[in-house]
Amino acid sequence: MAIFVDKNTKVAVQGITGRDGSFHAQQMLEYSDTVVAGVTPGRGGQTFADKVPIFDSMAEAVGQTGANTTVIFVPPFGAAGAIYEAADAGVKLIVCITEGVPTVDMVKVMPYLAERGVRLIGPNCPGLIAPGLCKLGIMPASIVAEGNVGLVSRSGTLTYEVVWQLPSAGLGQSACLGIGGDPVIGTTFLDSIKAFAADPQTEALVMIGEIGGDAEERAAEYIQEHVDIPVVAFIAGQTAPPGKRMGHAGAIVSGGSGTAAEKVKALAAAGIPVAERPKDIVPRLQEIWQR
Amino acid sequence: MAIFVDKNTKVAVQGITGRDGSFHAQQMLEYSDTVVAGVTPGRGGQTFADKVPIFDSMAEAVGQTGANTTVIFVPPFGAAGAIYEAADAGVKLIVCITEGVPTVDMVKVMPYLAERGVRLIGPNCPGLIAPGLCKLGIMPASIVAEGNVGLVSRSGTLTYEVVWQLPSAGLGQSACLGIGGDPVIGTTFLDSIKAFAADPQTEALVMIGEIGGDAEERAAEYIQEHVDIPVVAFIAGQTAPPGKRMGHAGAIVSGGSGTAAEKVKALAAAGIPVAERPKDIVPRLQEIWQR
Amino acid sequence: MNIHEYQAKEIFARFGLPVPPGDVATTADQAVKLAEQYGLPVMVKAQVLTGGRGKAGGVKYCTSVADVAEHAEAILGMDIKGHTVGKVQITPALDIAEEYYVGMLIDRNTKRALLMASAEGGVEIEQVAKDNPDAIFKLAIDPRYGLLDHEALTMALKLTNGDIKKARQLALAMQKLYAAFMHADASLAEINPYVFTPAGEGYAIDAKMNLDDNAQFRHPDYEQLRDLDEENAAERQAREAGLSFVKLEGNVGCLVNGAGLAMATMDLVKYYGGKPANFLDIGGSSNPEKVVNALQIILTDPHVKVILFNIFGGITRCDDVANGIIAATESMDISVPIVVRLTGTNEEEARQLLTQTDLVAAETMDAAVQKAIELVS
Amino acid sequence: MNIHEYQAKEIFARFGLPVPPGDVATTADQAVKLAEQYGLPVMVKAQVLTGGRGKAGGVKYCTSVADVAEHAEAILGMDIKGHTVGKVQITPALDIAEEYYVGMLIDRNTKRALLMASAEGGVEIEQVAKDNPDAIFKLAIDPRYGLLDHEALTMALKLTNGDIKKARQLALAMQKLYAAFMHADASLAEINPYVFTPAGEGYAIDAKMNLDDNAQFRHPDYEQLRDLDEENAAERQAREAGLSFVKLEGNVGCLVNGAGLAMATMDLVKYYGGKPANFLDIGGSSNPEKVVNALQIILTDPHVKVILFNIFGGITRCDDVANGIIAATESMDISVPIVVRLTGTNEEEARQLLTQTDLVAAETMDAAVQKAIELVS
């Protein structure tokens, strides 16, 4: 069943006529037939890839195709606007791929989503892939396989690195979720872990964290108290110097907090094994996973 | 039972140490013992009229006295702030007496109140008096008497004028409500009429409107469809020239709409008698009221 | 408070709306200089706080300096609906391909700022509302989020029939108008018309704004926006004294406490065949100074033949009010008769006090009005 | 982006925060002139993008012109934690009766701007947080309504222990700080300390602000706030090339696609006993130009003894990426060995391509890191 999506998921792509939007919409289409609409103001009436109708607005896209989910590839200055539009149109899941969205924009959009009961993944994230079901975002479909491991991560390629190792252990994924590396994001580790814990398909969890904030610590606390399936963690950024932003806007050790060491300590204290190297993740999971 | 208040009403007075606040708090105290707290930041710990404790904040006032209602006598620049504070502290009825509150401030405060399920009366209004029960605001208690007529009005003294005439007809009031003459107000004619219609004590209604907006027309429509008790109306401003603000910020005929003639027509069309002179109100009511 | 087109344009420009250059002249010479500065053709536009200046000949298209001089000369000093034109705005005349209406006002029902827009620009929006209400699109704006990109763009695309380039300009103009409206504490803000040149460039070529007097405390610049020349002397005096006053054409001067009661009093004067000289709300107090101010303001009008006090004494007792009125009238030299009606707490005592004066006491509002009218004829 | 105290103060002042006068000097002469202009005593304050300048001797109280000259001379050019002081701020020294801390940052958990305030001003807030966390009051601000009057005043009254006059000033400062924070797209804004003079007048005498680089598109003034002298040349070059780069002290130059994988690569270098020379995220493409830029940036560091590519080819196929790397390296003259690890779609084909070059191919991340470290020693 995966998380956040199911067989009724119908996807609109906002910014479908842009460079990234069109490329990834094509990839999404190739993976499954869940993409039902594209949105680019001023391009309403056109068709994408000979089959997906393009609309001027999300309201029209939702009204005419029943889209309930959207993936946003709109440039940073319009990304928050696209989120408001999608929420206003009534979709219930928004995946914002856009990198470089101002944090204040995200702060402002959050209550709008909360008022409407809309889930946001991202921004600045690779999105979600539920193998065999659908792909929302930019994760490479070629490396995933259906299975029972849930993956949640703040980064993209590091996640793929881990996904890449699962087949050798005979494992696949229930869903693979990149929540993004920005300071203010919609779906957090905590939200994702709650969803995975409630998903019958997911039998084990891998959480890939990094420096900055205390989302990993919060997740650890929750896992210790509420999650019964095996969980293994990895934390990137042991060698990151304080005060420097490591690519992701949220990956920064500031005021002495948000260090990898603190996170590792909190996870260990919650009984969650923390792999030292990416390649240790799968073995550590197998150690604790009684299949 | 009156409307909006009952025997559990416990009143805080915001701005109790100001000139108007202290004068009217005294009057309210003399009318009933519902005033339980005063609020003036910086004056916490003092006592008003030897018995009402003064607090620095509404949060403290509510916390320590159980106040569930507030009457605001704070100057215009702080009035909206006082409304936010009261709503945040958890009171459910706010009466804002302050005249001269910027309209944009009221526009901004409205959703805050809606989110918290708080009723606002005013601003720029005389408030509410429920004879024999309590007085919230500045209406002269000396002229009211308990009875079964509900009065709702956009103005103050014109209402008193009508109240003054009721005893000669052997009538008193269930409640007398001044909703204020500003363009954006909390409780409208429609809200008041719904409440009066639901109040078993109220057997007849007098609605005193004036030029500007279409609140009277909306009320008329509602009354025609949903209200069974007799209603008489009066509209002030037949002689008001267009484009001129007649005292109340909301009493202005603009763009040819909001005229007294239009209102009278709508009321008459809804089967509501409209008195030509204030002194005709009570006789018109008696004509249609089968007691 | 209404402000002039040129002032509204200054505010609009401050918030980033595309306003063509322009400046005001109070003489034909200045007008010519400005026209030479901007280059011809230019518009000469009467700056006057009323509508219908176009029909009255207050807006002229000028292709030559001679035109400018002639029209500026004619328009300056012109009377438009009782307003004397003291200033003209000179602004380059644009080539106009399309005209839109974009406006914003406070909507009492939604309790929000209401955006209104129409592709039928350049005409009175009230007329469009009457003739073709479907041509006006409306949106009440949630103050928590402001006018969102997609809301503005969706409305703009309807206006431009899908022309995305024009729609983006219009949408941006709507958002900037909203910002100006909220930050300036406006009660009305209109761009009529918002035009596109043949090259597709959008401009707000006319501007109207009403500002909320109640918000003046946080806008120190409001005071200098007020055009004192446009204000009647009595109205200015009333404003300075903190009184609510509107001059009318009759001869019964009315002093009433409370705006609703004041309107009802005017209405009653008319009902009994008289003509009210004014609306005046003296507020709730018995303060003799306020009464003196009010009387002075009313007496600046030579048409006033009688003065009618209609006071409801509620919390302030009627005898106190009577004493206030007596003190005020005694300190002045008033040649017209004064009728006083005081109702409410201690009204008997109040009437008693009045019997010892020249003031004519009345028991009811109707009696007072009738007496006042009698005294006029 | 961090900005200097004097720049943050300019922003604060624009939003109405009470900031004492002040200006910057780049020479002792200028400093003296400014001191004479403001009148003594003054503070001479190093403008440097790091904390702890006070302890380092970068902030001096001066009672004479000679003092100013001497201290400005000493501070200008001073090295503070690797930053060279290029400017000093000269500002009148105030009499200080009380010091408060008022700060604001983005709180990831509430997803809001978080106001923090403490009566323990003038010391590092991290220290207060450690020693006496209850002394810091916090409030997450609802962006729909902003920092409301009563919220600010309630917190301020706690700070001042009920002193209403000071509380009102502090509350206003908090609200103005919030406005500055949101409008300037800050990620951190601090007044430390906010002081009261013995006469009870409040001032923000120190200011710190970090701005959100992502918001630069709507702040044309950001670019001129950036102190290019404070930036390391390689970091500036990376920023201009749109690459995410952080210089470190090691000798293994890392080029990785994705920030998380880049950090994990650095960590793995350390795990196997090596030292990463940098963090560098080259992003998702196989664009040779980007690879060339990245290599140039890394090679500005003479300590780099080996270059390690760690690329996960997902949607972009590994053979495409390999071709990109080959094209880039062939166009340059690189004297250090290069280890390339490519994983993902078509990784076999990619490794095949690399065998025809001088590049050292590795199958796994661990193998690549180990090989790179071997090549250094």
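Per-chain numbering from 1; labels A, B, C and D assigned in written order.
Here, a contact is a pair of C-beta atoms (placed from the backbone, for glycine too) under 8 Å apart; a residue touches a chain by one contact, two chains touch by 3 or more.
As the structure is a computational prediction, the values presented were derived from the model and not from experiment.
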### Query
Counting C-beta pairs in contact, does A-C beat A-D or the other way around?
A-D
### Intercentroid distance (Cα basis), chain C paired with chain A, Å
55
### Message
So the centre of each chain is just the mean of its C-alpha atoms; given that, what is the distance between chain C and chain D in Å?
### Response
52
### Task
Report, in whole Å, the distance between the mean C-alpha point of chain B and the mean C-alpha point of chain C.
27
### Summary
Check: chain C positions touching at least 2 other chains come out as 144-145
#### Entry: Junction residues of chain A, two or more chains touched
108, 111
### Query
Is the way these chains touch best called a line, a ring, a star, complete, or other?
other
### Query
For each chain, which other chains does it touch, given as pairs?
A-C, A-D, B-C, B-D, C-D
### Summary
Counting only contacts in the complex, chain C reaches chain A at residues 144-145, 148-151, 153-154, 157, 162, 164-165, 167
### Message
Give the list of chain C residues in touch with chain D in this complex.
### Response
144-145
### Summary
So, in the complex, the side of chain C touching chain B is made of residues 106, 108-109, 111-113, 125-126, 129, 142-144, 182, 185, 187, 212-215, 217-218, 244, 246, 248, 256-264, 266-271, 276, 279, 281, 284, 312, 314-315, 343-345, 364-366
### Query
In their shared complex, at which residues does chain A touch chain D?
24, 27, 76-77, 100-108, 110-111, 138-140, 142-143, 153-161, 164, 181, 183-184, 208, 210-211, 213-215, 218, 234, 236-241, 244-251, 254-256, 260, 276-279
#### Entry: Complex contacts: residues of chain A adjacent to chain C
41-42, 44, 56-59, 78, 81-82, 84-85, 88, 108, 111-112
